[in-house]
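By letter and in written order, the chains are A, B, C and D; residue numbering begins at 1 in each of them.
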Amino acid sequence: MSAYASLREQVREANLAIVRAGLVVLTFGNVSGADRDAGVMAIKPSGVPYEGMSADAIVVLDLDSGAVVAGEARPSSDTPTHLVLYGAFDGVGGIVHTHSPYATAWAQAERELPCLGTTHADHFDGAVPVTRRLRAEEIEGDYERLTGEVIVEEFARLALDPLARPAALVASHGPFVWGADVAVAVENAVALEAVAASALRTELLRPNVAPIGDDLRGRHFGRKHGPAAYYGQLP
Amino acid sequence: MSAYASLREQVREANLAIVRAGLVVLTFGNVSGADRDAGVMAIKPSGVPYEGMSADAIVVLDLDSGAVVAGEARPSSDTPTHLVLYGAFDGVGGIVHTHSPYATAWAQAERELPCLGTTHADHFDGAVPVTRRLRAEEIEGDYERLTGEVIVEEFARLALDPLARPAALVASHGPFVWGADVAVAVENAVALEAVAASALRTELLRPNVAPIGDDLRGRHFGRKHGPAAYYGQLP
Amino acid sequence: MSAYASLREQVREANLAIVRAGLVVLTFGNVSGADRDAGVMAIKPSGVPYEGMSADAIVVLDLDSGAVVAGEARPSSDTPTHLVLYGAFDGVGGIVHTHSPYATAWAQAERELPCLGTTHADHFDGAVPVTRRLRAEEIEGDYERLTGEVIVEEFARLALDPLARPAALVASHGPFVWGADVAVAVENAVALEAVAASALRTELLRPNVAPIGDDLRGRHFGRKHGPAAYYGQLP
Amino acid sequence: MSAYASLREQVREANLAIVRAGLVVLTFGNVSGADRDAGVMAIKPSGVPYEGMSADAIVVLDLDSGAVVAGEARPSSDTPTHLVLYGAFDGVGGIVHTHSPYATAWAQAERELPCLGTTHADHFDGAVPVTRRLRAEEIEGDYERLTGEVIVEEFARLALDPLARPAALVASHGPFVWGADVAVAVENAVALEAVAASALRTELLRPNVAPIGDDLRGRHFGRKHGPAAYYGQLP
């Protein structure tokens, strides 16, 4: 049996799930999952079609060094971004990167995605931030790693909790979304695209609409997260 | 055979129907159905995936007390909203709540959905109202019950007949839709989303377009509803 | 074998085709086909689901009198509109009525659909006209017949050839589309929806864009229609 | 075994791929592929439905003379456009023409498609140009050949490298997209439609948004193309 079989299978399945959910065309997307105890993450191979991808094709890397520990293929070119996010954001167990149609439009417009309703608040406890543009020397340098760093920089600047605001829009690029595990990260990526679409349509109906109040946002986020959560079934 | 088997099966099927119709992503939606003679309603369990959901997973509650009378799972967190609507609106036999993409955009924009054409008038005898925002103390209190109450309040304020205007947009949230039975409620939810999409596009082509006249609206609603209806087959 | 079996089968299949093409939700659409030699038309029954509809469910009526000559069901409530169009427009052998999403938006905005590109010109030799609104007394009267009459009136007013401009947008309602036979009518209905969507998006990118020139429009329409057509295979 | 069996099969499959990718309704699209060594191109027959099309239905023509060398059917009416592009653009091995919904909207608006993000830059090293309108005498003359010529003219005017900018929007018409082989051409056509949709939505969120910087655009194009490419697997 191959090493890290369960993690690789979760990651393989999650990469297929983002295609089924309509978040991906061609090969514009990748999902990774971390096993913090084992100190590794598993990620999609670069530029490989989703259909027919085996669990063994998933590449496993050391979370600290980035060295490949299992798998023959080259990992996703966005691997350094994932590594930075796992390093900076405790408790994150899965990361999804897509160029999903509506979230990418907000990223390209360099606008944060405001919290305009309860669908948003069920998953993100406030606006989803947009990063600054990378500078020329950053783009010419260690570009993918620095893409992760500008996300971390923005979360530090705004003093955001990554698990309460589990997504960022990279300017001129697209969304990175995460969660406590791979399945939650995929769910958040699906939710982000849905609320990005709704928010655009809301803007068309009422330009510069105000975000929902803190009370409603907190109530909905709290229904699903934290000690007072009452959504879903008992564990 | 399980209690309320037929009602639960109808409700199970209706919850799947709103997914097939594209009104739902993830678990953002729920359908209930009432058996007025038995004094109960049946509703989707909270946070449970639609696919593979059995009729026994559907929870049955007393319409008056809200007590669970059949089913092991926790009912939808929106259950109190459904109970208020059944209590206030005579003749309602099914209720659908979704965050469907276009209806939610109107709700988030806090705009009533105007009647711009015959597709709308075939199902809703005028604009679909939008509620006021809930106040902070309402959100902190019995939130889901009060979500139902603001719908009832708006229908009272505008003196609307709930069966002739079988939907409301909850501000910053999304649509609740109903009908004489579960199947009609689902049909109205599908129609609402279609007319919400058409109305947004109409606005883009002609901002602040006027609603259709009372005569055309009445003719179309009357083709399908009431004593002079002549649409469809003889019973 | 049932009467008019071939015509009914064509009409049944065409009613399914408009559903598959995404032009219809619920039962908002109907297709008819005429056999001019037999003096009849066949049309979808009113309010009947498309799936599982048999050819025998299709209702056959006399083109002149409108009397049912075969079929047990009530014909579509829009039947009088179809009869008027067959009566007024020589050479029409199939008619499609839908509330397709984008064409309906133009109808609700009461704007003619301008010819903005070659996709449009391949099927419609100029703007697709929008009717005037029906007057109150027309709506209270023989409404469906008069819906046909306002289409005919608009074509007369603009001196349009119905076979070169095989569609009309009924104000506040939706499109009626036709063709020399049922299959061509369905093809034109699919094309109308596609160009209605493209035209809306073009308007968003360049408000009040000018229609294409007569020369390009004529060249494309002529590639597919008339004596100099050179698109497709030799008969 | 039929002549040029492999090329025809690639072209047949590519014509089906653009339908599956949602780029085509009805028969509004065609793909060709070239075998430069054999001096031929293969293209879809005119007006033939995609479903059930056999490889033998694909028409093979001499790249220089345009004479049919294999196949019984009439080739696509757009064949002369393809021949011009193969003649002018060295290294092109596949061409896709569609009326895909969003790319066509930009073509109808006569606006070049700006490079607003990395999805665009991964495939096109800058804005996708829009041609001038054809003049009346060009439309009346050898229209399809001259459609190719205005594309070539625009690339010459802007001094663009066709393989680094593998698409053009023909004014009032739609996109032509190409690549080093048939599969790459199809991939570029899918990417073009995705970025055309994103760019429209970006414009709605931030009118007249500026294109991304040269540094980011170059970095992303270079990740996938040229000597320093590091996306995907080793050959």
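Just so we're on the same page, a contact is a pair of C-beta atoms (placed from the backbone, for glycine too) under 8 Å apart; a residue touches a chain by one contact, two chains touch by 3 or more.
Small disclaimer: the values here were computed from a predicted structure and weren't measured.
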Starting at chain A, how many touch steps does it take at minimum to reach chain C? 2
Copies chain B, chain C: same or different interface, half of numbers shared as the threshold? different
Which angle of rotation, from 0 to 180°, maps the CA atoms of chain C onto the equivalent atoms of chain D, to the nearest 5? 90
Relative to chain C, which chain has the most distant C-alpha mean position? A
Rounded to the nearest whole Å, what is the centre-to-centre distance of chain A and chain D, using the mean of the C-alpha atoms as each centre? 33
Got the chain D residues that touch at least 2 other chains? 204
Hey, how would you classify the chain contact layout here, line, ring, star, complete or other? ring
Pairwise, which chains touch? A-B, A-D, B-C, C-D
Footprint of chain B on chain A - complex, ascending: 21, 116-119, 122, 187, 190-191, 194, 197-199, 201-202, 204-206, 209, 212-213, 215-216, 219, 223, 230-234
Residue numbers on chain A that touch chain D, as the complex places them: 25-26, 28, 45-48, 73-74, 77, 99, 101-102, 104-111, 133-134, 136, 139-140, 143, 172-174, 200, 203-204
